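Per-chain residue numbering starts at 1, and chain names A, B, C and D are given in the order in which the chains are listed.
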Amino acid sequence: ACGSSDEGKESDAGAGGTEEDTSSEGEAAASEDYSIAMVTDIGGVDDKSFNQSAWEGISAWGEVNGLSKGNGFDYAQSADKADYMPNLTRFVRDEYDLIYGIGFELKEDIQKAAEQFPDTNFALVDDIVEADNAVGITFSEHQGSFLVGVAAAMKTTTDKVGFVGGVDSPLIKKFESGFIAGVKSVNPDIEVDVQYAESFADAAKGKLIATNMYDSGVDVIYHASGATGNGVFNQAKDIKQNDPERQIWVIGVDRDQHEEGAIGDHNVTLTSMVKRVDVAVQDVANRGMVGEFPGGETLEYGIEDDAIAAATTNEEAMTEDIITAIEDYTKQILNGQIEVPHTEEELTTFLESL
Amino acid sequence: MDYAIEMLNIRKEFPGIVANDNITVQLKKGEIHALLGENGAGKSTLMNVLFGLYQPEKGEIHVNGKKVNITNPNIANNLGIGMVHQHFMLVEPFTVTQNIVLGSEPTNKFGKIDLSKARQEIQALSDQYGLRVDPDAKISDISVGMQQRVEILKTLYRGAEVLIFDEPTAVLTPQEISELMVIMRALIKEGKSIILITHKLKEIMEVCDRCTVIRKGKGIGTVTVADTNTTELASLMVGREVSFKTEKTPSEPKENVLEINNLFVRDARKVDLVKGLDLTIRAGEIVGIAGVDGNGQSELIEAITGLRKTKSGSIQLHNKAIANLSPRKITESGIGHIPQDRHKYGLVLDYSIGENIVLQTYYQKPFSKAKVLNYKAIFEKAKCIIEDYDVRTPSVYTKARALSGGNQQKAIIGREVDRSPALLIAAQPTRGLDVGAIEFIHKKLIEERDKGRAILLVSFELDEIMNVSDRIAVMFDGKIVADVKPEETNEQELGLLMAGSKVDKAGETSE
Amino acid sequence: MLDILQSIVPTVLFYSAPLILTALGGVFSERSGVVNIGLEGLMVMGAFVGIVFNLTFADVFGTSTPWVSIVVAMLIGGLFSIIHAVASVTFHANQVVSGVAINMLALGVGVYLTKVWYDKGQTDMVSQPFYTTDIPLLEKIPVIGPIFFQGVYVTSYLAIILAFVAWYVLYKTPFGLRLRAVGEHPMAADTNGIKVERMRYIAVILSGVLGGLGGSVFALTIASNFSSSTIVGQGFMALAAVIFGKWHPLGAMGAALFFGLAQSLTVVSSGVPFLENVPQVLLLIAPYVLTILALAGFIGRADAPRANGVPYIKGSR
Amino acid sequence: MTSNNKLFGLLVPVISVIVGLLAGAVIMLLSGHDPIQGYAALWNGAFGDAYTIGETIRRTTPLILTGLAVAFAFKTGLFNIGAEGQVIVGWLAAVWVGLAIDAPMIVHLPLAIIAGMLAGSLWGFLPGLLKAKLGVHEVIITIMMNYIALFITNEIIRSVLTDQNTTTESIAGTASLASEWLQSITFYSRVHYGILIALLAAFIMWFIIERTTYGYELKSVGHNLHASNYAGMNVSKNIILSMVIGGAFAGLAGAMEGLGTYGTISVMSGFTNLGFDGIAVALLGSNNAIGVVLAAILFGALKEGAGEMPTAAGVPTELVDIIIALIIFFVASSYIIRWVALRFKKEEK
């Protein structure tokens, strides 16, 4: 679109470092040797979340194109923040055409890498980048959160639902805002209890918060908190174990967390806000391969791309009426009837309009 | 002959030194056998070999005529050998009872320590030998004398037949020493045998039957105490004549250096220990403070040196108030302090001797300039002091830890005296030292007096007080209760004064 | 009020239990004179073993799997801690150094093996974790029953009982007297015929056993899986509890419960109306600030066992 | 004897590193990896070319400083587990100044660096004060201060430095330690001038400890409180000073990250680990300045090189943690190495 800058592979990537040539010369790289790689965030490639999903997308893409790991596509694991840049650079030097950074934590590093290596293309999942050779891959999590909010609102019998956030940040606020909007759209009287654990890895805190919420009458908790959510699942399952009759639910995030909710014959995972990073990653790779890398853009994948959805794996819990309602709201979102809020301010306006 | 213990031709080496070189000691049943030798002669080492803490390179040990191999203290205990160590082996936060039973505790059927049974057994032993202890007191709360009785009870509780005492009297007050002598006699009467290490020849003469002398790791021989005298013992030990009476001219006191008026000092538990004390020391005299431990001597010294806050009263040095100034200010205004506990206060054991020599002066020229240390100057100074004070150390770079107690003490004295303080406070300066070292230190103190310094000597050794002081201030219950001249009094009278029994007559005694 | 207690108490208990158990291990080790900065690593090891065993043998042991898992975690924790004992007791290593190495080693080994065995950085969730229960009979006690004995983990009570057992062992039995003597004055203990090194080995191994227990209880009651971020700082909090509790088993338990209470209160109070306007960050730091205030205000000086951290070398002083 | 000791002083770490690497090789073999391939990857990852060398230096920089922070406190007998928190606040303060002030480089950069140091000092001051005045154990307080630093810093980034964002803007160029030139010769690694500051800090630490009256006092207090008091030193002041200077080093480490490596500060979902690694670095470097520098280089190289191992040899990066841990064990247990060496000597005779 507005400035794809992919100049294909230079045999000597090092020399390209200082060049500032960002002119757009659409060119078609030979599809056989188009190669892609990803750098994980601290979560690691098997985080059962967006890193894993991204890798699945990349692997699938590689398979379709007859490539194998280490030969056409690859990933690098980051143990801490300091690893991002070396990992990115390693791939640049290994002459990969398109390098993904998975997670907003890599924002600065991708930004910097994109500036330093204008001949390589970059893509950042979950945030925006400002460079002509880079693309921001974002998702309409607020829309997905809205949909699971609808599910929560229809499922609750106590008219109290909860939201557990990881680290307070614009991204997680997007989840929160969408969720609350969804809940209130169904029934403005439902209370939403919001708490942040200030960590994506503090299962104990997650469990404390969940215990407190469930005790105070909340019966559905939507978590957007990584491994902190383990504690939420743990608590929900514990309650279920002791009182199988009690209706207690968790809503998963990023991918279908159905498996985490299994407890005996029951499953506490009501639904999950599924974010198909794999879909987005493949899409960008395909566009890059045919020379249409959308450099300089910020892509937002949403419901319409099948990149955001509410999982329906738990057939018992996701009853017909809930699914119908979700479908109904999906339509309204798609046709612009509902503008799902991203931020707290938008949420306030949204709630006033209800 | 019936020997309880025979140590035959024992040799024990440490890296670079032969601590025991072919030493033989034979302990008869029912005797008190003295072991005499200079600091570092190898006495403690020999006894640690007997107690199983060290393994000898050569030699045999026989117990009751049977050859034995003592590889750890447990075996020694089982053979009926008990040791009261030079540095007490007591666990401070534990009670007396816990310390005594430690390692062989009586238990009830729930595996719980049977404290009442332990208490009974201890009470029985304590009655039998006249060893008064408070079974439930914490070690940290009892006097040194009682701690020693606990050590003795520990060995008896384990059924010791042979008791080793390593310098038991170095830390005791005269009263406690006489008590200990009584106890030792009682032990002998009950059929025990005793090895006693001490530097105090008088004690040997008083209670021992025989005495083995060690010099520089070698056995010099064994003498029967009844057939000898202190002079002979001393020269056997040192290898030359030793004079006991310190040579000194009468003092010529000049202006007042230290004046203390109505001083009150509290201890850590906020109890007054110094209660309205008055004391004056003049230039060119040595004032000895005689007193039983615990009558406020330590608190007095700590108050003068700024280590403890005073409650009220005044301390003046050359007419300038110094009470409650910082230790640094007080040191700078001209006070030198040879502390009682050289390991705790006197030295940084992990610093070299050189660094220890400048412990109070490192920040002054020439040892540092603009906060930068001048090691050359520091070590030169140290070398100088080491030579002057005969500190035996491989070099000035050697850690203080590696020196023997006597040499550590000489280094401290050298450091304090070298600063030429107007007032020198010497607290127990010769504790645990051999007669040679004591002689040297006494000479130094008198030299300083003759140079016009005021000297405050605190000691629990009446001998030392009598020999060295020009004036004796008797301290009892936080006050100076008598001020006497050594030539006008005697040990009996001092003893009574120190016990507080002649308080009313004090005025008369001190003219 | 009762409602609040009823919701706070069980949370305090489950939050604190792993800390209590691990801190008890620390108390044993440090009472014997071996500083144990490695508690974090011992917990990591316990969590790793507890989860891996649970995942592997859930089919074999069924509902008793978590119990078998924690026993195995205790065993492996004990074995693992021998490294610390060998280094710091036999080889006279600096105990802090050795403890730091234990922490790195445990995490390294745990994650390395996870990657080698499962081909990913974190395990699946276990299917047989611990669940809360009502304690029979005790739950019926009026007022107290619902607060303390309903919906609690048995492991929480195990932790509290073990704290009392540890107190009894340390303060009432010959073993405890000897262990403490070794930590205060090893040479005195030695001259009384106590084998100093052996006592210290036992104490360090006990800390491994209890640290392993603490880690596995954390994993099986709270985290449900193992990854590099399962144990992040809990071991250091346990260490803080040891010191806060003045090296006393019941003190350490009290400190751990205090940490749990502070955390729980901040979670609860964010829902309390009049605290709603308090900035979140104040609630987040409250537990830590409270700890500092408690120490500075009225707990004050704590004296470590005197020989803590000092290797015992026979014949030296 | 002394030359012998010096020889051992060198021998112990060298042997430890070798044995640690051998153990790592065995582990790789046991878990089905090729050790030669693994170590080749490790080497390439750390020193393979200009870029990795640059990154290794960059990674070493803050480790030197946190190592110094821990080592400095150790010299006074204090255990600074709080370097972690001190790094975080130092980072925050440096970036804050880097963002908020408009000044020429000659003023701005030093100001930002000093801000980092001051913040770290402040974070060391409180535990020092509580230790000196109330005898509260510094280990607990520093652990608590770490959490407080983390949470407060995150909140300040969100509410003060940004408008509810997770990352600040980049600092002004006038406060940056980054160098185009250094980057251009290292294939755009993030190496920055901070390494010079770290080395200077090491020199300063050495100088303070070994050559000044401050060092003399600090060490003296560390060895024997009572004797230091007797000698007229102000024990409380020294305890506080030690924590404050240690904190300044750690704060400086944070400033290196903020002004050099990243140019920003982001909300952290967990600790940076720079402070905790500093403990290992300090101990491995036996708490002296030169040792710390060498240990930090070893640490930095191993950690940097580890990144290459999964891709090039399929070996999990954690192998490096295992190797480092083993090296630390061997160094700490140098007794056994000495013992073995003595045995050898005796046999030669």
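Couple of notes before you dig in:
Following the convention adopted for this analysis, contacts are C-beta pairs under 8 Å (C-beta built on N, C-alpha and C of every residue); 3 or more make two chains touch, one makes a residue touch a chain.
Model, not experiment: these values are computed from the prediction.
The set of chains touching chain B and also touching chain D is given as C. The highest number of C-beta contact pairs joins the chains C-D. Separation between the centroids of chain A and chain C, computed from CA atoms only, is 36 Å.
The geometric centre of chain A is 76 Å away from that of chain B, both derived from CA atoms.
In terms of their C-alpha centroids, the spacing between chain C and chain D amounts to 28 Å. Listed for chain B are no residues, as none touches two or more other chains. Multi-chain contact residues of chain A (touching two or more other chains) are listed as 77, 79, 168, 198, 201. Among all residues of chain C, those that touch two or more other chains are 228-229, 232, 280, 284. With chains as nodes and touching pairs as edges, the resulting graph is of another kind, matching none of line, ring, star or complete. Applying the touch definition to every pair of chains gives A-C, A-D, B-C, B-D, C-D. Remark: chain C residues 168, 172-174, 177-178, 180-181, 184-185, 187-194, 306, 314-315, 317 touch chain B in the complex. Touching chain A in their complex are the following residues of chain C: 6-7, 10-11, 14-15, 119-122, 124-125, 127, 129, 131-133, 151, 218, 221-225, 227-230, 232, 234, 263-264, 267-268, 270-271, 280, 284. Looking at the complex, you find that chain A touches chain D at residues 14, 17-18, 42, 70, 74, 76-77, 79-83, 85-87, 89-90, 93, 104-105, 107-108, 116-117, 166-171, 173, 198-201.
On the chain D side of its complex with chain B, the touching residues are 211-217, 219-220, 223-224, 226-234. Those residues of chain B that touch chain D in the complex are listed here as 305, 307, 326-332, 337, 339, 344-351, 355, 359-360, 362-363, 368, 371-373.
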